[in-house]
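The following blocks contain the structures, represented as structure tokens.
First chain A sits with chain B, and in the next complex the same chain sits with chain C.
So, the complex of A and B:
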């Protein structure tokens, strides 16, 4: 039981550090200094402490609750070193669908704001989800099929059995590449960040989100970064033998899309769909073809 | 008198009472009680776990014996049928019926149509041989037609279109039965079953095409899907709910009888499609997968809430057949279970939409918006429903879809798996549009005074929502029915637990998943409501965007062409090929009939009759 409290907590702390890393990478690439160590935490506290907290109704508020809650639940399905959490009770497929709950919550919350720009943002975000989830599930299928199991515990055990040679990335390099590609879009980072539209105040899903609404979404982002990094580590990098290797792996995984993000401009949403359906999906299917024949 | 006789007699009594007293105000409530009695009688038959129950009625036509019996499969479908009848009658029993009368329609006709549907479906589900199956099939077709047509206007046109499809399907089935009869000399299940193995592959293909095609019409499988959406959507409220929940599944029931019980998955796997590397089973699985994808993406383009849901209904049928065609324990259970989870989901969704229609007078997604504060409970029902329809945890629909996915992974079918997920993602997009355009966004000024749906309509909706959630948390009891059905069909039964599926290679336990999800929501609520400043709630009509106050008299709801970006890309893929095909067929038939007509009128009629007689004789002797 104690695991179920520790796992979301660890996810949150790691996620905070990932936000910091993201900002530091951005600063380094743009020749700035970057924020201090505790800045992400201060940001959350600051946003929660704001005096003006405009709510557009109960669903607006519950949307944020769902966005955080869905991830708190989802991270307990991803085994950590020494902790399996609920990985035995819900496997890979349940995890993928559990990670859609926060998106649904956010979509509902934004919807109630009655701001057409917010609704347009959600329409783009869901379109992008349709784009990146297809290579994502191809990857998930490939891994589950290769290891003959949808249980993440067994998938990790199989990978750790023979060192690097049995890691997913060594066994299924094409799927690993497709997964990385899909993750870039899943995180909503450049060149796929138009649906988040972080640079435009008046457009995108965040338009009516201020104060602790934005603070809640900040927390959600911490979980999201962690979840993406951890999922990729579990599927392709053999999970964590111990905490040290686990942390090195998840941070390395998340650093890749971050570094790419700051080098690119952006695509239009429909171009995202076209690009993601073409390359990672095709590469993923090719990877499965190699596995099966 | 067996317990099955009691059930059918009470169902017939329901029909008779509705005919006699349908005019009276009490009729609705009477129907609810009678459906409840039918439900109890069905429970009493014990056909699920025990031996099949036979009816004491047998008829013989020529040398053919007709009899009726209930086994686990019949019980399972009958349970959903009567349950749907019960909830829909409840929905209709109060305010809805009064409004319906005020609008100049006849509640009596509606109640009669609903009772006739339940009765004929119960008769069909009890068929003990192919002849009674065919007769039950035709009865169901006519009863559905009645329920579809009671609305009049566009409903009548849609119902007529259905009738054309149903007739063609019925004729195909009849031809298939002739084939079976000439080959085996009997229409009895047991006799046919024992002789079916001796048929050549070519004959089995013909059977699949004729009988399978005929049954597929009812289910709306591709390419016979065009009739269904309009026919179901235009039916009056609770009738639409009933049709959406179960009616098309009669086609699935008959397909299960043909494909699983009689031919068997093994035979289908052994049959190669000529000139391809596909087996008959793959072919049917792909038809199912395309039935998931194409109607789902047509639903995405609808701007009428009723049509949107009706199109999804066609798509969801694909998952059921897909799971059954995978054929392993989890997959076939997922397909069967989806009949139940989808049934309760679709009934609740359509009821919620019709509750909105009841209050606002429209189901046009471009003419609604912001109703969440006006109709919060209806919103909740729709929310539970869309989560279940999209197959997200923690609702019932997730469990059945999970089982289908899991089986596709276990059997190594990547493309079908991706197709199933593409359907699910399309569903998520489409149902978000549904809930957004009705309940979220800008409230229209004319809807400022709209009130929550009346209690008599709200209670059955909330009942179904509770069921959707409970089945999602503890699918075990419902899965025990499914396992019994599988056993009776000779399929491997699914290893279920109270919370889901037991599988050493990755199972599912919804008790834990829902528990952690609720705990997660608790943590989220604690963070959001516990920490930070108090939020100030602004009035629903007090909005501001892009540097302007958005006043209530300016319409700015983002609703039409909701996924403009996506449609920019996939829009050209919608070519209406099936519509074109239907039109071409209709035109051909019309042309041929005109030719024959002309021939009959202007040539010698006597010559015409003679030619026809000679042609018929030549055909029959050949």
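So, the complex of A and C:
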């Protein structure tokens, strides 16, 4: 029971460090110093401490709760070193389902803001979700097919049995590559960040969010970074034998899309769909074909 | 021009309640929030004039504002600081006031360049608003034509220090002396000027309603105020309408 509280808490703290890492990597690539150590935390405290909290109605507020809650639920389904949470009862299918809820919650919340920029942004975000979910599902179920189980606990045990040689990335390199590609789109990082587009549609879904609503989205971002990194680590990098290796793996995984992101401009929405349905989906299917024969 | 017509402003700015609460834990909490507010500032740069050209250097690699926790944001709902960079024409001022009223408090205004201080080189222009703080409370002025990035960052640091000490509360002044600011706005835009934000109701909501919130100018506003209506949705494409 205590694990259900500790796991989201750990995810949040790791997520804060990941946001810091993302901003630091961006700063270093642009030859800047970057934000100080506790900057993500100050941002969140400041946003929740604002005196004006402009709400656009009940669904606006519930949408943010749903966006965070979806990730909190997803995080309890991912086993940490020494903590299994709901992983044994939940499994991969519930996890994939939970990872989609935040986007839908955000869409509900943004819908009530009635800001045209927000509506454009969220329609693009949902289209992008449609795009990256196809390769994501292919990859996740490819892994489940290979290990013959949808239980993350069993998948990790199978990977940890023989060291690096039995890791997912060594057994199924094509699926691992497709997963990395899909993760870039899932995090909404640069070649695929058309739905945020600060200069064109004023950060899209976030345009009407101020105060605690934006603070909620900042918290969601922490969970999102952690969830993506942890899912990839569990599927392909053998999970965590202990906390040290787990953290190293998770941060290394998240650092890859971050480092790629700041070097690219962005694709248009239809190009995102075309690209993501073509390359990672194809590579993923090819990977499954190799596993079958 | 600004001296000729002066709106009377009864009473001085109320002394700020030092913000000390009796509960020591609440004090610690207030300190923490104020510190976070000073270390994390999202700025909305309303680039009206030439001063905007000094902002990219202060944001990018050479001077790097992000190490102070200052980063640009794009919509007034998300922002804490409104940067007015350069001369403000009468038409622009309307937009600035709309933007300012939509921002969530606590909010801070920074006037960059001499033009926002006293009109600068546009002093004789008929179309330029001279003193920005006639129309909205300004926290910090950064004078210069144009101020270099060092000066911009020095000004921002001063604002951060003021926020940390709880002194940067000029946004409350807008509610307490709304009549004064509205008077200046009406002088430029005419008596029928109104914004979508109900500032008087907001003043009541924040407990900042004072003796100077209402006055002759707000009476004029009430007289001319029209209720806000949603924009009419219509499609002006002849082929589409013919098909209906």
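Criterion: the second predicted complex is superposed on the first by the 288 of 293 C-alpha atoms of A that agree within 3 Å, B and C clash if a C-alpha of one lies under 4 Å from a C-alpha of the other, contacts with A are read in each partner's own complex, and residues count from 1 in each chain.
FYI, a residue touches a chain if its C-beta (ideal position, glycine included) is under 8 Å from a C-beta of that chain, and two chains touch if they have at least 3 such contacts.
The model shown is predicted, which means the values in this text are computed figures rather than measured ones.
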First (chain B), second (chain C), both or neither touched by A:64: first
Contacts of A:182 with chain B and chain C, given as first, second, both or neither: neither
Contacts of A:56 with chain B and chain C, given as first, second, both or neither: first
First (chain B), second (chain C), both or neither touched by A:8: first
Chain touching more of chain A, residue-wise (chain B, chain C): B
Partner chain in contact with A:269 - chain B first, chain C second, else both or neither: first
Touching partner for A:250 - first (chain B), second (chain C), both, neither: neither
First, second, both or neither for A:92, with chain B first and chain C second: first
Which superposed partner A:127 touches (first chain B, second chain C, both, neither): first
Chain B versus chain C as contact partner of A:228, first or second or both or neither: neither
Overlap of chain C and chain B interfaces on chain A (superposed complexes): 49-54, 202, 207, 211
Of all residues in chain A, those that touch chain C in their complex: 23, 27, 30-36, 38-39, 41-43, 45-46, 49-54, 198-199, 202-203, 206-211, 214
Residue numbers on chain A that touch chain B, as the complex places them: 4, 8, 47-57, 59, 61, 64-74, 76, 86, 88-94, 97-98, 100-101, 104, 107-108, 111-117, 119-120, 122-124, 126-127, 129-130, 133-134, 137-138, 141-142, 144-145, 148-151, 154, 202, 207, 211-213, 215-216, 219, 268-270, 273-274, 285, 288, 292
Residues of chain C that touch chain A when the two form their complex: 32-33, 35-37, 39-40, 60-61, 64, 66-67, 69, 73-75, 77-78, 80, 103-106, 206
In the complex with chain A, residue positions of chain B that touch it: 370, 372-373, 379, 383, 387, 391-393, 398, 402, 405-406, 408-409, 412, 414-415, 417-418, 421-422, 425-426, 428-429, 432, 435-436, 439-443, 499, 505-509, 511-513, 516-517, 519-525, 527-529, 531-538, 540, 543, 545-547, 550, 556-558, 562-566, 568-570
